[in-house]
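The following pair of complexes shares a single chain, subunit A, combined with subunit B in the former and subunit C in the latter.
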Partner chain A sequence: MKKTVDVSIPIGPVHPCFKEPARVKCETRGEYVLSAECELGYMKKGIELIMRGRPWQEVMFLAERICGICSVIHNMVFIEALEKISDIPVPERGALLRVIVNELDRMQSHILANFSYCYTIEHETLGMYLLDIRESAMDELERITGARVTCAYIVPGGVRFDLRDEDAVHLRASLDIIERDMKRYIRMFEGGPLIALRSKDVGVLTKESAKEAHAVGPTARASGMPETDMRLHHPTYQKLNFKPVFRTEGDNFARIMVRFEEIMQSIDLIRRCLDMLRPGPIRGGGIPSAGETVYRGEAPRGELSYYLKTDDAGRIVDISVQTPSIMNIEACTHYMLKGVASLADVPSTFISADPCIACTER
Partner chain B sequence: MSILQSFKNLVRSRSIHVAYVDVGSCNGCDIEVLACLAPRYDIEQYGIYVHNNPREADILLVIGAYTPGWEDKLQGLWEKIPDPKVAIAIGNCPISGCVFNRPHSYVNPPVSKHIPIAAQVPGCPPRPTEILQAVLSLAPEVFKDYERRKR
Partner chain C sequence: MSGYLYEKDLVAMKYAILISTRHDRLVREIAGDLGISPQNLRRYMIERFDMILMENLPARYEAGKAETGNDAPLADALGRVMYTRYIPLLERENMNSILGQVREMIANGTPQEEAVSRGKRMIGEEIRR
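Our next item is the complex of A and B:
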């Protein structure tokens, strides 16, 4: 019988390209990858077990510590699920401020993902440019919420602090700088011949296999599935006439370009929110009550859903979180990595799906 | 002091290699370590290089609250790092377990039970400048006259 698998190569858990520990096992024949498998379990902390039986005031802070990169969306989805259970209304200014902070968080997360990809394909110059512009987004986040990461800005019935007028002016000025620089970096990425050699037609995820693997977020939208964007069902985004961006190629290049285009779209959304802001209350009242619900939101990496059950005192009886990265890791290892021509493309293809191991395992 | 020793001190003060390992955190401290690379903080201007390769590292940044998946692996990783070496705990998680150190969770903090920790940077997460300051203030203490002190 002909031998099919030459060598089984493990990549990780500690690897120069990976931010977080995960092990990718590749079955190879020569340089050609026959199949791949992702081994998780280095980060399992059991955060849902800690959450059960605690009041919502504590779980709110635990929820944003599920993931440090996309902490705002975890905060937002948990609080909006609580509001859905208890029918707590949100004033318009509060809802718009939530969108502003959420889009700033999405911008910094996407820039970080694209930095990781550029760093993995050894284009360090573009990576450093991106990391520099990310600090501008982080500064704005800190000006508005008071913290860089895990800011706990969104509370039931609204937001914690108001946006001052001078902060709004500063935010607009920063957005202008980010937009100007980001246009230049997108041109660099689109026009670079060596980047195209490393990225185009590598790790292709077709629309059919994306549907089979239930891919979500920018990974699915790069394969031509704009309907996977959960922001389409959010009332504030519907008011802003949100239209998701998508591409149809499904390779590494398309995934990074979708993220770049979403950064530009986020800048546009924040500007429209700032135009719509009217003076008014930022926080209404309300008491969390007993109930049960499933609530979905769009994290930077894709669809995030919370199942939540509370009792009369506002304690969390049962909670279960489904994060986007677990879907994308499955799509990545079973469809993208299969048939990658060279082992050198395995880390870059894995990073292009933007896996976040901390929220995958919780 | 021998000429060789002073030459080693000179070289080591401008060439510190850093590896970071995440043993179960929320990822927030990871990205703050990555933010140190950004041109705004520019960790490389002090001669500190983040390669994330334990075999050429001098300083190990430990992030996270020690999950059971790292039971024997963190010890092995620590032994792979050549001498002189030092470990710094970044964030509240390796010091106390932060929010994860509660009944029913799987974590087993502090990390100093498992490998020797020389310095701690508290914060959830600490700012990049604090991480940078910890690395810079600890490096001369550990690497200066290392061979002479060992004797």
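Our next item is the complex of A and C:
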């Protein structure tokens, strides 16, 4: 009879498939994972503490430095929280430009997440194709905002730069190319028999578990929870008649497919914004004032929440940032990894939740 | 120096998580509800929870609050779902045993409010132990 052993196997903090350091400790019986724990603390920035007492003009730059991959949404949520406190209106053109930049950022983040997954399951060809097409989204971000990451594009009352006509034409052309290529890559992912073997019915997160861990973003939407999308509550997205993408399988395959479908949805949203753009101001007036609020936005990885307290001079008295990776890594560690049949599936399941340690250790 | 870097003592890091704005509010709210000191609750959490669960406590608490009202009324008042599933302070068996004792108290004529309050103190005792 085969001997059954109980072994505790640490994965990380340094692992070739992890973009950032985290230690996942798996309790195993043979290859079967009985339970898992995740320990952090390898790159704690203490950015909330650095932000306290500083004027908003400095903190807006610090906020987008919490995460290099989804910097636009940190910028957007921080500024929109300030606008909510101070009742600062945003002109329609400015609001639409915010959505365009935010959706471009979501596209590049989702493409990077899916690249990481393909790389982890050893489908490097598709991974490299995805990295290549990500450059088109990054180029468009740079063309509109002047920077690939940490763009500081969104400011109280609007955006920093207008979209020139020639940039709008270039953006539409790039979207056509990205759409054409993405369709091909989605077919490759959907139809790949080896991809299916590594992804379908692996790392399943049930709807009940997702609710318990407060999973958010594509991780929750792959488990049948479309209501978790914060864009449903955003006034500009409501004007765009936004409907969230979701699936019900809850496995690695579903999480990657939700991201692919959201990339296509982002392309559609940007096109709709471009159609709705009318000449007009991109930035209104307004001075940040004293107040306190909790503001939520939909980051590429899910619900991002800022608790913000300011004084009369617009200084940040208190701030607390709840990033989506916190919820998703917890859901992954305690629910998805539990019961994984092979240790080889642990890194791929972990990556399928698109963990961002920089966000988690803000 | 001996020992691996990844096996280092995590108490200081875990404590740093628990004294952040959101976590501090949560700890004080739960400690107040269970009639124990925040220090006792922090120690208990540091000993039992891994870091990612600790980071996620405010979100789980929010999710738990949204679920309130879906359990039996007495179990809800005692926080059975909250303190066993969302903020896993107690094992389900221990909580059910406390719930059983609360039911017994009510059957013996103790007003429900007082029985629940005593039940919560029992949960606090489990944590202090």
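Note that in this section the second predicted complex is superposed on the first by the 357 of 362 C-alpha atoms of A that agree within 3 Å, B and C clash if a C-alpha of one lies under 4 Å from a C-alpha of the other, contacts with A are read in each partner's own complex, and residues count from 1 in each chain.
Note that contacts are C-beta pairs under 8 Å (C-beta built on N, C-alpha and C of every residue); 3 or more make two chains touch, one makes a residue touch a chain.
Since the structure is predicted, the reported quantities are computational estimates derived from the model, not experimental observations.
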Side-by-side fit of subunit B and subunit C on subunit A, or clash: fit
Where the C-alpha centre of subunit A sits as vertex, the angle toward subunit B and subunit C in the overlay (nearest 10 degrees): 100
First, second, both or neither for A:307, with subunit B first and subunit C second: second
Which of subunit B and subunit C A:45 touches, first, second, both or neither: first
First (subunit B), second (subunit C), both or neither touched by A:65: first
Contacts of A:91 with subunit B and subunit C, given as first, second, both or neither: neither
Subunit A: partner with more touched residues, subunit B or subunit C: B
Partner chain in contact with A:192 - subunit B first, subunit C second, else both or neither: neither
Which superposed partner A:13 touches (first subunit B, second subunit C, both, neither): both
Least C-alpha distance (whole Å) that remains between subunit C and subunit B when both complexes are overlaid: 5
Subunit B and subunit C contact sites that coincide on subunit A, given as residue numbers: 13, 41, 44
Touch list for subunit B against partner subunit A, complex: 19, 21-32, 34-35, 37-40, 51-54, 64-65, 67-70, 73, 77, 98-100, 102-107, 124-125, 127
In the complex, subunit A residues that touch subunit B: 13-16, 19-21, 41-47, 49-50, 52, 61-62, 65-69, 71, 112, 115, 128, 131-132, 134-135, 138, 148-150, 356-359
Subunit C residues within the subunit A interface of the complex: 5-6, 10, 13, 16, 20-22, 50-53, 55-56, 58-60, 62-63, 67, 85-86
Sites on subunit A touched by subunit C in the complex: 10, 12-13, 23, 37-41, 44, 48, 211-214, 307, 318-320, 322, 326-327, 329-330, 333-334, 360
